[in-house]
């Protein structure tokens, strides 16, 4: 039995990636749900024993959420759950996964479950580099994931064994907008793309054309 | 004298299950009550010396509560009490019990007292695996409980002695909706089932047909 | 000079019972007062160096208070004071005393001072077992108290010396409603009993007939 | 130069009494001021490095203040300052001094500076016993104070040397109302006494006639 | 280059005085700024690594500010900055400096930069004694300051070397009103004096005539 | 791949400067974003493992922000992110960078990316001295930065090697207004300068003419 889902789509669920110890990757499911606010104003509630850097990453992601959605964020509570992290979560490399899961939950747009992702985020949506990309990609491939998003600034760090290169497509990105465009499956694609374009204008780093790598090529 | 009630029904009370040390299970009564909010907005108040993971499990359960009930959660305080846990509570395996007790209290629907349950929860209502299922099932059987709900993902971990298998029915579930359907005794069953169906649509894991095991069969 | 009052009635004051060390009981006066709220909404303020379990017991009692009284709890502050506990208070056995003192203060109904009481509480008003009942009963008897309420689930733990059995009546109870009925002296008894009946309907444990023991008989 | 004022009257200032080490008393000036609330609702702000019991005593005193004054406590901040306690304040024996200083400040009624006082308080205004009364009385006498209020329950603990007995009048009291009546100097005495009478009705301990001792007599 | 300004006037800036170690004084610039409130109500924000007594001194000063100014304190945030105190600030001797800087900022009245000051404060505006006055006065003189305000109760502690006595005028004061009168340079002096007179009526210690010492004379 | 951008402009991004260990400088990107407030009122959220002095520097900067912008600060959340500081941030030398990034984000005015800056701030906008200016300037030069702003009070501390002097222009400043004037590229320059002039009037230190140094000259 395995909690990882690698096919179809799901609202509010993303396959993140983690490194355990220094040389072992794993798929880390992240689940988001949006509810009416219980307090006088909305709040973001993250669980999974997040340590200091991970808690700060949730605050950074919330900057993007408050900008992106047209919904009045004062009326909703956002729940973010890291599944199975009973030993705690360190680092901010799940930021892109959290952003994607929450935007999926708020907007009600399904996420493709055959993709995984890793990346830190600036408060303006830029995808920043992380550690352990090689181990993470191999873990995604072993789990049956077909595509993995990594920070463009980590493209040179990928030293994946040949047998994994053929199993998975590696997609370097520089802004969260590129991930959302490819991982979400909106009913109204035109309206969604217009929203993403607006989000991309907040980028700190000037946008490049996305470099889509074929399996085994970075 | 024993605080465990194993027959009839009660509003706001559920027989949870705990493991003490590494090889001993026990029935853990969980009681919920709903009151008018004392503060400017409603809050969830949990007692019983809950440690960090247990406190986070209450936050995760609250995501489901805020979604499920039609009542305005800003006007009520929700009290959750773990009975007799003077040494503290670790872990999140009581999540399904907390959710069931609180939904019973909010909706005023009685809970069957001849059932017990264990299971972690995602913020979307999925029942996630827990530890110690064998010891928990045996403790429920010894206490006279007739049915026990366990996570479907733990079905393979059940190594119950034959004498207990004949005493208790083991029901693997994958979503809280399945527990609510079987453990609550609503006056208006049709309306209740409609509400549950809506709740099930939030599932992270695609729904399966519930596998109802006869006593001694998983 | 002794702070314990053992005759007449007083609003907002109850003779609780405590165990010091492992074999010595004492009468523990608990005083409540209700005032206009100072903050934007009402709050419960408990003093007497309450440790963690004792602080949680105050939260559990507040569930009952918010249910019981018709007064808008958002407009009042409730003060609960443990008298003379300069070494701190552990445990939740004063819960029934706190509930009785506060309901007396909110409703303005006097409490009989010739009674003492001990008992934990569920958030639905059930009286739950405590430790040290024998030492507590003997301390009450020595202080000149005439009646003592104990949890029904502790009835089998009473090993009081004969000389004390003749001095004091021991009354096992299973719901706070039974204590309120016997310890409070309302001006309008009929209205008060109607309110209590409604409170009793929240019980987790099905109500039994109260077993009133004569002095020396449990 | 000495901060202690021992003659005339002052609004919002009271001569409290402290024990340092185990055998040395001193006069401890306590100053109160009332201002428009800065926050959304009023608050009590106490300074002077108050430790846990002393902080709780401020909460207990606030129960009396909220009851006593007709002024809307939600619109004012109450400042209480222990003067010169750079080593911290332990205990609750300054409670009567704090209550007297704050009521003086709220009502604008001067306090006699030739009196000193010591005593703990219940939330209903009862004066409860304290430690070190003998050392405190001697310190007050040495400082030139003419009258000292002590808890009636401490009357038997007074072992003052003869030379001090002739210098100071010792007045045991059982309710804060007795101190306010004798230490405050209201412009409208009739209205003030009516207010005090109402305050006295909250007493936990049935009121006795105040025993006014002549100098050297308890 | 030196941050200390010793001539002209500035709004919201005061030359405080500090002792480092046990025998070395220094000029400690304190800067205040008043802004529209960011939160629902106004707050006082103090920076410079203030330790416990220093933080309490800010609370005591705020009692005076809330009384003094006619402006609605609920609509403003008050920022107080101790400049250059990277090792932290202990004690409450900067209270008069903080009060003067903030009143200058709120009212928009310039402060004379050729003066320095030291003194603790009661919540009613009384100037209370501090330590290290001799070292502080000598530091002010060395920095080129022309006048220094000290607590009247410290007048007997001044043991300044002759060469400094000739450089600086020492002014003992007993109430903050005396400092404000001499250190601030209001456009409308008559209106300002009327406000100060009202402030002085809150004094705990009966006002004396200010003793203005000529340079070298205390 | 390098996160530092050294040409063009970007809204909400500034090249700050840091010292690592005692003798090594680096460019520290600081990113700001402004969003609709999530809570009842706006707040400033800073991430990057800021230690105590760095957290206080954010509070000091917020005094300037609340004064500067005409926008109602109660309706916005301000996010400030130190990029890549996984070992934590000590000190307040990034204050000018934070102020510049946030004002850029609030006003939507681009920042020149060929400049870097270092400097502490008073709550009135004065630029105060920092440590390590020589190492910071050399790091900026090595990164390809063309201009660097330093505190005027640090002008005498610059001991830059000749080869760096020719690569970078060093501009000492005494008020944040001077940095904003030169680093921001507003669409409406006249209106912007008028706003800056008003900001400069809050200066603690009387304004001097800005000394613009040519490359290699301080």
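Note that the chains take the letters A, B, C, D, E and F in the order they are written out, and that residue 1 is the start of every chain.
Everything below uses one rule, namely that a contact is a pair of C-beta atoms (placed from the backbone, for glycine too) under 8 Å apart; a residue touches a chain by one contact, two chains touch by 3 or more.
All values reported here derive from a predicted model rather than from experimental measurement.
Farthest from subunit D in terms of Cα centroid separation is A.
A straight line joining the Cα centres of subunit A and subunit C is 54 Å long.
With each centre defined as the average position of its C-alpha atoms, the distance from subunit A to subunit F rounds to 31 Å. Shared interface positions of subunit A, i.e. residues touching 2 or more other chains, are given as 40.
Remark: ring traversal beginning at subunit A, heading first to subunit F, gives the chain order A, F, E, D, C, B.
Across the complex, subunit C is touched by residues 40-44, 52-53, 56-57, 59-60, 62-63, 66-67, 73-74, 122-124, 126, 128-129, 152-153, 155-156, 202, 204-206 of subunit D. Interface of subunit A with subunit B (complex): residues 1, 3, 5, 8, 10-13, 29, 31-33, 35-40, 45, 47-49, 77, 79-81, 83-84, 86.
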